[in-house]
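For reference, chains read A, B, C, D and E in written order, and residue numbers begin at 1 within each chain.
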Amino acid sequence: MSQRKQRRRRRHRRPYQNQNGAEVGPAAGIQTLATADDPRNGADATGRPAVLRMLCCDGTQVDETTVIRPEQLTVAREKWPVVWIDIEGLDDEATNRLIGDVFEIEELALEDAVTPDERPKVEVFGHQVLVAARTVRFDGDAIVTDPVCIFLGDRYLITFRERLARDPFELVRDRIRHGRTRIGHEGCDALCAFLLDVLIDGYFPVLERFGDRLESLEEEALDRPSRDSLVGIHDVRNDLMTLRRALWPTRDLLHALGREPTPLVGDHARAHFRDSYDHTMELLDLMESYREIGSDLRDIYLASLNNRMNDVMKLLTVIATIFMPLTFITGYYGMNFDTKSPWNMPLLSYRYGAIVAAGIMLMTVSGMVMFFWRKGWLKRWH
Amino acid sequence: MSQRKQRRRRRHRRPYQNQNGAEVGPAAGIQTLATADDPRNGADATGRPAVLRMLCCDGTQVDETTVIRPEQLTVAREKWPVVWIDIEGLDDEATNRLIGDVFEIEELALEDAVTPDERPKVEVFGHQVLVAARTVRFDGDAIVTDPVCIFLGDRYLITFRERLARDPFELVRDRIRHGRTRIGHEGCDALCAFLLDVLIDGYFPVLERFGDRLESLEEEALDRPSRDSLVGIHDVRNDLMTLRRALWPTRDLLHALGREPTPLVGDHARAHFRDSYDHTMELLDLMESYREIGSDLRDIYLASLNNRMNDVMKLLTVIATIFMPLTFITGYYGMNFDTKSPWNMPLLSYRYGAIVAAGIMLMTVSGMVMFFWRKGWLKRWH
Amino acid sequence: MSQRKQRRRRRHRRPYQNQNGAEVGPAAGIQTLATADDPRNGADATGRPAVLRMLCCDGTQVDETTVIRPEQLTVAREKWPVVWIDIEGLDDEATNRLIGDVFEIEELALEDAVTPDERPKVEVFGHQVLVAARTVRFDGDAIVTDPVCIFLGDRYLITFRERLARDPFELVRDRIRHGRTRIGHEGCDALCAFLLDVLIDGYFPVLERFGDRLESLEEEALDRPSRDSLVGIHDVRNDLMTLRRALWPTRDLLHALGREPTPLVGDHARAHFRDSYDHTMELLDLMESYREIGSDLRDIYLASLNNRMNDVMKLLTVIATIFMPLTFITGYYGMNFDTKSPWNMPLLSYRYGAIVAAGIMLMTVSGMVMFFWRKGWLKRWH
Amino acid sequence: MSQRKQRRRRRHRRPYQNQNGAEVGPAAGIQTLATADDPRNGADATGRPAVLRMLCCDGTQVDETTVIRPEQLTVAREKWPVVWIDIEGLDDEATNRLIGDVFEIEELALEDAVTPDERPKVEVFGHQVLVAARTVRFDGDAIVTDPVCIFLGDRYLITFRERLARDPFELVRDRIRHGRTRIGHEGCDALCAFLLDVLIDGYFPVLERFGDRLESLEEEALDRPSRDSLVGIHDVRNDLMTLRRALWPTRDLLHALGREPTPLVGDHARAHFRDSYDHTMELLDLMESYREIGSDLRDIYLASLNNRMNDVMKLLTVIATIFMPLTFITGYYGMNFDTKSPWNMPLLSYRYGAIVAAGIMLMTVSGMVMFFWRKGWLKRWH
Amino acid sequence: MSQRKQRRRRRHRRPYQNQNGAEVGPAAGIQTLATADDPRNGADATGRPAVLRMLCCDGTQVDETTVIRPEQLTVAREKWPVVWIDIEGLDDEATNRLIGDVFEIEELALEDAVTPDERPKVEVFGHQVLVAARTVRFDGDAIVTDPVCIFLGDRYLITFRERLARDPFELVRDRIRHGRTRIGHEGCDALCAFLLDVLIDGYFPVLERFGDRLESLEEEALDRPSRDSLVGIHDVRNDLMTLRRALWPTRDLLHALGREPTPLVGDHARAHFRDSYDHTMELLDLMESYREIGSDLRDIYLASLNNRMNDVMKLLTVIATIFMPLTFITGYYGMNFDTKSPWNMPLLSYRYGAIVAAGIMLMTVSGMVMFFWRKGWLKRWH
């Protein structure tokens, strides 16, 4: 019961609100820009320190470091054709300001990037493209989406994201490390396409789990409709709403990236964006189907309730139908008419009267039972 | 009960009708244009006098006054690069006419500005841009939206709004006073963007309170469905309709301000408008989710009612099922057959007959109870 | 009952069908073109004669006459800058043909103008603009919309409308007469804008009355759901459909008039059309809200019915629960066991036996009542 | 019952399937191309022979013949400015091929023309415009739509249609015959516009009959809800779907004909197409209203069922409430307490005891009846 | 029961998942590229070998072979104007790679082609057009759609498809073999149009079978509403969702092929695509109708349940109404009043008392039965 309440409490927060995902701080021993002795982030540093992972690569080499000094950024930017700075933690204002200064990010764009409730969108800010997207994960049974912001610049790419237990980009990093991508040759736009592709792919297992939930809910709604199944159906619909809020704008942004011309995005990356767009369309198709199944389930639930009430009513009717005539017969022979008159219920004085009466009752009952058997009322008690 | 009625009465007025918000007049001692000895607003002044607050600023200085003489306006307009005239009170015709004359506002535009039911829109009138928006507030439990009209001119900005207990623009004024904005440098379009941003931000806490209302309504609908929960769900849906009527056109106007070219709005303000547009989209996403939750709640309510009826039916069936056989047995032994015949109900003459009969009854009852226990009918009486 | 039937009969006619509004003929003594001795409308004049009111004005003078001779029209057209011919009655074919000839109206346009079911639209026919709109009025409780067709020409404007008890344009005439408009200066497009504005304003009181109907229906649906409230809700929804059929195309035509370029419509009139467009949007917003409230009401009605059934079921259950045990007890002591045996129901022979039995019954009843009181079943019988 | 089944069987066929309308062959004695000794349609002629009616006219003369030899077609095409060939019967392959050859119709276009399920559309094939439309008629109670295909060429017009009992174009023919149209002057595009206008006008009486059906269904749903009314509502909704499938694409094709430029369609015909477009919009408006009324009816039906159940429940409750106390009282005085004790039910030994008991019973009953009277439960048994 | 579960399990998989269709491998003895001794597909060949059928034709000749050596492809490509390579089996990576190399297919396009869940779309990749479509078939009772990908190149066409028991393209092959198409003259775009036409035509029988299912479900819902009919309705709706997911994007791709200019698609093929587009529109119209009928059925089902409950309630009421008065009468004469007093129920001592009482009972019963007969409650027990 308390679990249900917890769920519900969660549900009614602001939509994109992160909950316990944001509790994961930098592991002990990991140096951050904030813990390093940079005079700039002294007094006014608010929020917990963010972790900055930098991955630089060209066609042949890959270099990974955790940034602790701002100089590292400018050096890398000059040396490598592909510089990816991955910032874990949105609320480290000092770091954010620093990054904004180094990469000349407009204030408004930076603000968008570190807002946890930012709606997926793509916007061109001067020499940069801001892509705000959302990853999806299960938090217990509920679906939560977390913001991921990508700044795509000339030869660099910056990602802002929440501190999460599971790094959604580890797969990308791994593929780059082992040289299984051509990102070093193709540039940052290809990296951006890859990241978005990984994000979108993360939605598929979530939707598959939905399929299982809907299946078991349908079983439940048909066979044992209870208040809990109603709550379950309601929860599924709420989760689908959360997904929809994340997926529809994602589709729009992928459409924009795949079709609209920006010098920062090449033809090759554009084809990848179109591909991700197709995947999003598949997700949305599937999601809309689930939404309809969800609302069908509610109708099934109500129909099951009705069926159940019907069964209860039938039982009541069967009972009344069987006992009312019996009670009438017993009442009949309980009347106090003068039995001295031979016209007044002679059976009462008859030697086998009670047996005859019991026989009449038995016949009545068996007639009733047969009648109900034929009508099929005795068969399906759930 | 009377509270409910009051709510309902409120609801069915014309949609944007202000109610008691408009009762707040100028505080005693505040001089207004109308109370000052201007000969123009003598005989034909209708409505209560409006309060005119003027805030002028450039990059370095800020000057705030309450306007009581028309000359002040023309002087300020020549001297300052940013002049903001904030008019509290829509029904002071003399003041409105005066403002219209000084700033050369077209008659039709001025009429739109002082109509309390004006739908949010943006329209270009010659050398001015008219932005009609709406603020939101709670009036008791009900949601009310009030009109705010902004005239954006070359070096000035005029706002028309209702007399409300809480000044929604106090925050803006405060930020300008303390030099925490760059509006003095950026001009009136930036001020307009800031004002709209503050208006939009005012919708977020309102929607959050909706989340709480929906949560408690869901709890109620599931656990104690009553007529009041039905009325509550209905009220939430009505309030969401009010919000929707204000938010959808607001989204359109922000879209227009952010994309369409007007010489009065610079690129920087345009970016801010796009940002507000994104916020409005978030609000609308959230609102649509709440609308769906609202209609889900109604279904939950009906399902709960059905469940409840089911429970009542089950209780009735249990009672009938337990007592009908008992009554039959008592009736059986109440029959007046001649007990002298050994074939006619010998139990009646048996020494422990009544005890045996009571035993049969007890066994019947326990069998029934066990049967219902297994069917789970004795468990969940709410 | 018969009233309901009448309503329903009315509802299912062709949508824009006028009913009794069209019964108002020209008042006795009013001369019409048809009654004047014009040889043209001799033999083939069908339909009742129409009344032609002509209002001519320039910046300084106003002249009003009832046209009875065709020459009047040509004379006025040459002399005045603004000539408004208002034709009351659509079925006077002779007059229609005459007007068509004098003002060179295309046959197809004239046919549109005199069709009572014409859908609101704007269409340019050569040198004229045809605006088909609809006025709204209550016919008893039902909403009826009547056609009004406006031909906007170079220096003239012709309106075709049904013979109605109330002239919707009297207000316009009155304002022109007393010189309170600038139509004499601004020309016929301004007059057209004014007429449409008056038509649109006529919808507001109708929608306000809807608010009251919905309020009282809600009260009824919650407190005394009957078949009549269901019919009432259905009627409201039907009336809203009638309104929608008139308002949506009106919005489109005002949009077209406000944005599309036609040499006949000047910038000033265009601004007025845009203003009327905004009013129509408000009306439509409000109407859509009412539609939703209407469908909510139906759900409330059904929920109330369910609640009511629940109450009836509870009463039945309470009665069964109270009397079944009592009947069992009386049955128990009605059994005919041999009371000579001390084991067989000794209470029967006990001196105060009946009192004890009555006591047991009383206790049972009070226990039951207390049980139901706690469950809250005895409280809310509507 | 069997009628209902028949209806349903009909409904689930392919949508535009013609049923018995297609059974009407050429009347005996009417010569057709196929029966004439044309060597081309010898061996491979499939389907029943089609009837070809040719109507040729110019501004002054009209000539009507039934075509039985291909030469007639080429001769007429050269001689007359307006040649209308009306082909009754879609499945006469020989005739179709012949027509295709003579008028150089593309194979794909010809195939479309003779497909009975063709969706309304307009398509330009080289030097011809193909207009596929649908007429509507009642087949018993069900609505059926039949295909009509029009090929609009330079100086000719060909119509393909099913063999129907009623010729929908007889009216057009008649008007041309009596010189009451200007088609001879205006050309084939005007004829095409006239034909479409006649087709669209055929939908109005059908929709009016819908109004009557909905009215009587509403009466039924409110007063005597039965399974048949449910089936009736369902049927209406199905018929409206059939109509919608025909009308929506018709609207699109009229829009295309009225706005898009084709050299074959002149300005005058274009205006007529726009006029037909307006009529289609009216039809669609009305149809959507009927659809909504249809779904309202279903809700009304369900509410009526609920009301009815409520009434049955009330009756049951009234009966239980009246007889349960009575039965209790009789049971009470049926208890076998020892009446020798003055404390044990002295009424039993009282001389007027039974009368007193009967009095108590009477009072109980009248109390109950009064109670129910006040609650209004005894009033409305339907 | 287990069948239902199976169905449901199937339903909740990923939407386009192929199930047992993919189990059909190449028949024994059929040589494939993989089984031939090509060194390239040695070690890393994964998946089962695909079967490659090549059909080459020009205006006069047709040549069909099963490809087992890559050289065959390049030879054929040079020699024939129309080369159709039909690849059965998507998971033979070696073959796919080979085809990709020979025909210079981009990697991303090839990946799309062999993804079983690919959404229908058309995309231009350099010198090729990729058309992803879906065929439909019944798998038991459930509807399954399988992917078919077409690469349309300059003088060749490649189709990728699943291994299915029934080859959907056999018809096409057969028509080409017997020279009954003009594809040899018209080129690969005509072949592509033909293939898509065949795919689309495959949907019609599926939808017709839907009609039958809906008909029998309606019969069932009206006459014997059971849990199974509910599940059946739910299944139909699910299948329609599957269809819709395949058909809507197919419509979009046909629209694109029919209107957008690509050098690879000629005017003639374009006309064919437009024709297929019209067929898809018909399918979609029909499908939407079925969807509405499906949701109507659910309402009918619920109404039938309600009707049924009503009938049970009526039976209960009839029983209570008949037996309660009887039981009262027997109770009345079972009271133990002192019959010595002539005022206390003299009937008890009357010689024919019991007969009189039985008469009263009979009269009561017949009165009741007559009452119910008139109310029509005894008629329709389903």
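Here is the rule we use: a contact is a pair of C-beta atoms (placed from the backbone, for glycine too) under 8 Å apart; a residue touches a chain by one contact, two chains touch by 3 or more.
Note that the structure is predicted; figures quoted are calculated from it, not measured.
Student: If you check the contacts of chain B and chain C, which chains show up for both?
Tutor: Both chain B and chain C are touched by no common chain, going by the contact rule given at the top.
Student: Are the interface residues of chain C and chain D largely the same numbers on each copy, more than half shared, or largely different?
Tutor: Different residues, largely: of all residue numbers at this interface, under half are found in both copies.
Student: Compute the distance, rounded to whole Å, between the mean C-alpha positions of chain D and chain E.
Tutor: Whole-Å distance between the two chain centres: 28.
Student: Could you tell me the distance, in whole angstrom, between the mean C-alpha positions of chain A and chain C?
Tutor: 44
Student: Give me the residues of chain E that touch two or more other chains.
Tutor: 302, 306, 309, 313, 316, 320, 324, 327, 331, 334-336
Student: Would you pull the chain C residues touching chain B in the complex into a rising list?
Tutor: 204, 208, 211-212, 214-215, 218-219, 222, 271-272, 274-275, 278, 281-282, 285-286, 289, 292-293, 296, 299-300, 302-304, 306-307, 309-310, 313-314, 316-317, 320-321, 324-325, 327-328, 331-332, 334-338, 341, 343-345, 375
Student: Which chain D residues qualify as touching chain E in the complex?
Tutor: 8-9, 11-15, 106, 108, 112, 117-119, 121, 123, 125, 227, 230-231, 234, 237-238, 241, 245, 249, 298, 301-302, 305-306, 308-309, 312-313, 315-316, 319-320, 323-324, 326-327, 330-331, 333-336, 339, 347-355, 357, 381
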